[in-house]
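My structure is below; once you've seen it, I'll send some questions.
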Amino acid sequence: MNTTTNFQLNPYAVQLCTLSRWISAKQWAPAGSGNFSIRSNEHGCLITRAHKDKGELSPHDLVQISWNRGEAEFTAKAADSALLHVALYQQFPTAKVVLQTQSVAANVWSRLIKADNFLFSGYELQSVITGQPAQQQSCSLAIIDANQPMPLQAAEISRRASELSSGLLIRGHGLYVWGESLEHSKRQLEAWEFLISCELERMKVSGLL
Amino acid sequence: MNTTTNFQLNPYAVQLCTLSRWISAKQWAPAGSGNFSIRSNEHGCLITRAHKDKGELSPHDLVQISWNRGEAEFTAKAADSALLHVALYQQFPTAKVVLQTQSVAANVWSRLIKADNFLFSGYELQSVITGQPAQQQSCSLAIIDANQPMPLQAAEISRRASELSSGLLIRGHGLYVWGESLEHSKRQLEAWEFLISCELERMKVSGLL
Amino acid sequence: MNTTTNFQLNPYAVQLCTLSRWISAKQWAPAGSGNFSIRSNEHGCLITRAHKDKGELSPHDLVQISWNRGEAEFTAKAADSALLHVALYQQFPTAKVVLQTQSVAANVWSRLIKADNFLFSGYELQSVITGQPAQQQSCSLAIIDANQPMPLQAAEISRRASELSSGLLIRGHGLYVWGESLEHSKRQLEAWEFLISCELERMKVSGLL
Amino acid sequence: MNTTTNFQLNPYAVQLCTLSRWISAKQWAPAGSGNFSIRSNEHGCLITRAHKDKGELSPHDLVQISWNRGEAEFTAKAADSALLHVALYQQFPTAKVVLQTQSVAANVWSRLIKADNFLFSGYELQSVITGQPAQQQSCSLAIIDANQPMPLQAAEISRRASELSSGLLIRGHGLYVWGESLEHSKRQLEAWEFLISCELERMKVSGLL
């Protein structure tokens, strides 16, 4: 995996930065957390530099990483989680954007749910989530444990790929969503955050189940 | 029901877009959800195109739909929920605007309430709600189940019209409000969202009842 | 009580409108609720016109009301709650500004507390509240029942004046704060809202007591 | 401890004011609460004037204070809490900025936790907190009781310095964070507020433990 800063390679870099500031204003990427990437080609993407304040992102804060088929190496200058971004791009050839966020609701809720996935049902917003079997009444979100090295998390993504629609949750480590465009990914992010917030609010009244 | 994009027919189209961005900033229409319409004439309205980001609405994103007395057909280009907007315009001749939103609070609360309506009492904000019997101490909000086809939901609106003041809740599918102007409808929306938020907050301390 | 629209009488009218928009952005005066006034002289004040959207207040939306010693009559064009504003100006000669707000937290909390006052203790923010006995460890907020005609509420303010510092709560009808300037009143409003929010949050974990 | 207003001594005064407005917009320093300081030299700092609205801070609202080795006197014009800022600068020679905030979440949570420190574990955001022993799985936040005179609180900071990383909580009196730059301190503040909010939200579902 090589790293360069040829951010000019991607015409959508500026739009990604605009989306980053929108996400930051929602408090979904506090304290330099969160990482956003955009695919440049079949084996490469631009990704946010580690720990950069997401409310102040500019194209200069994006670094280019690339990977060879089947192998991905971590680069110090990129974010720690670049490995999972790469795993998602490798798994989902149509994914053009990966957004990794850290909201309070997603963190808290991911730890309250002990199972390795959750079925949302009864919310109209489920219809926004792409990659779900047609006509399905419920919408599934996979949850992966964080207490394993990142390469094992990446392997779990590959192993459970058939379960994944447009998002997954790393327990206590935030939400990953992906999509075919910036607009599509933003919509997936909003929908997953909405569904998670609804369930967390419901629990405050009804308890854990 | 015919669909055209003669958005220029309605001088309030720009104001509706301004209100849309205000609603989006409140997070009451996330992920392209929510739909807003404004009556153009006795048998027609302008309505938001399906799935459009409500924080970026412009008059070009509004489509014209029309209906004949007693029948309304769904048009692919309009939002799925256009049928319910039409049902409300048909039922309430003085309604000029329909706002359909998706807040976390309204979604969660609509599912916690099992009855088909709820009586708010003791809140000064109830006085803002129009269409309530004068001197009434409580203020009623009808709740309709979403697990029935949309034409049946529309029929339920007709059947229960006498119960409806300026809003109704589709369980898990958001809130509909209507009014005689953009300003009036906005005020109804804020009042219903306030009342619902109060009851949800109360439940977090006092439990379901 | 006479009403005119000589808003130019008060040089602070524009600043009151700026504060109104700030309060509206905090969602403390939704749906045209809330009313703000500023004293013009010993027997008069400017007050917001009834039901005006507080996010769009301009000096033209302020009406002048005046009162004679010992009597105050309600004027249709002014807000319903003008009577309580007048009662506060009569009771507290140093009060220059009255801010009446409707937050979700204050509404919900005022109904959870059954007593007619509440003692806050242990919060540093209590030190911001003016009018408390020096060296007192706790800070008292009076709560008045809304299920009595407004003149009786005004009479209760007079009767309980010695208990009042810079704020009082009408159960289910919002918070009134007053102060010697716009800046002072804004600080009182923020402090009371903070203290009320803290107690409501505490109750969500610890229960009613 | 001498006080002057030579704010021009510090080139970062303007940036501190920008950060102050950002903190105010987050509602982390309401009603003139909160105090922010920036070190000018080994024995001095600029600190916010007492009770100033943090949403309207300008360099003129900063006062210079200085201290001699081992002793610090309180100056009336500076904020009451200047003594604790000084204690932190004396204890941590690399600290360049101290941010003292008052969020609802930190106030409520500090009073729910009865122990004198709290161990966060399982959150990725812990990795943002500096000054923690490397490879440690948990992240500790010290909590100091407010019901003791400020010089005793300062003494407790000295005595417990080895426990402190980049933040401490005064029970019911808000959060102090410090760092080697404005950017670093802002990141610490966001991370601590995030962790505290997560635990408070968790408690609303799971109870006190």
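Structure notes:
Chains: A, B, C and D, in written order; residue numbering restarts at 1 for each.
One rule holds in what follows: a contact is a pair of C-beta atoms (placed from the backbone, for glycine too) under 8 Å apart; a residue touches a chain by one contact, two chains touch by 3 or more.
Keep in mind it's a predicted model, so treat the numbers as computed, not measured.
Here the C-alpha atoms of subunit C line up with those of subunit D after a rotation of 90°, rounded in steps of 5. Although subunit A and subunit D share one sequence, what matters here is the overlap of their interface residues, and that overlap falls short of half of the numbers used. Averaged C-alpha coordinates give centres for subunit A and subunit B that are 32 Å from one another. Centroid to centroid, with C-alpha atoms defining each point, subunit B and subunit D lie 45 Å apart.
Among the residues of subunit D, those touching two or more other chains are numbered 204. Those residues of subunit C that touch subunit B in the shared complex are 30-33, 51, 53, 102, 104-105, 107-108, 111-112, 146, 170-174, 200, 203-204, 207-208.
Touching subunit C in their complex are the following residues of subunit B: 122-125, 128, 183, 186-188, 190-191, 193-194, 197-198, 201-202, 204-206.
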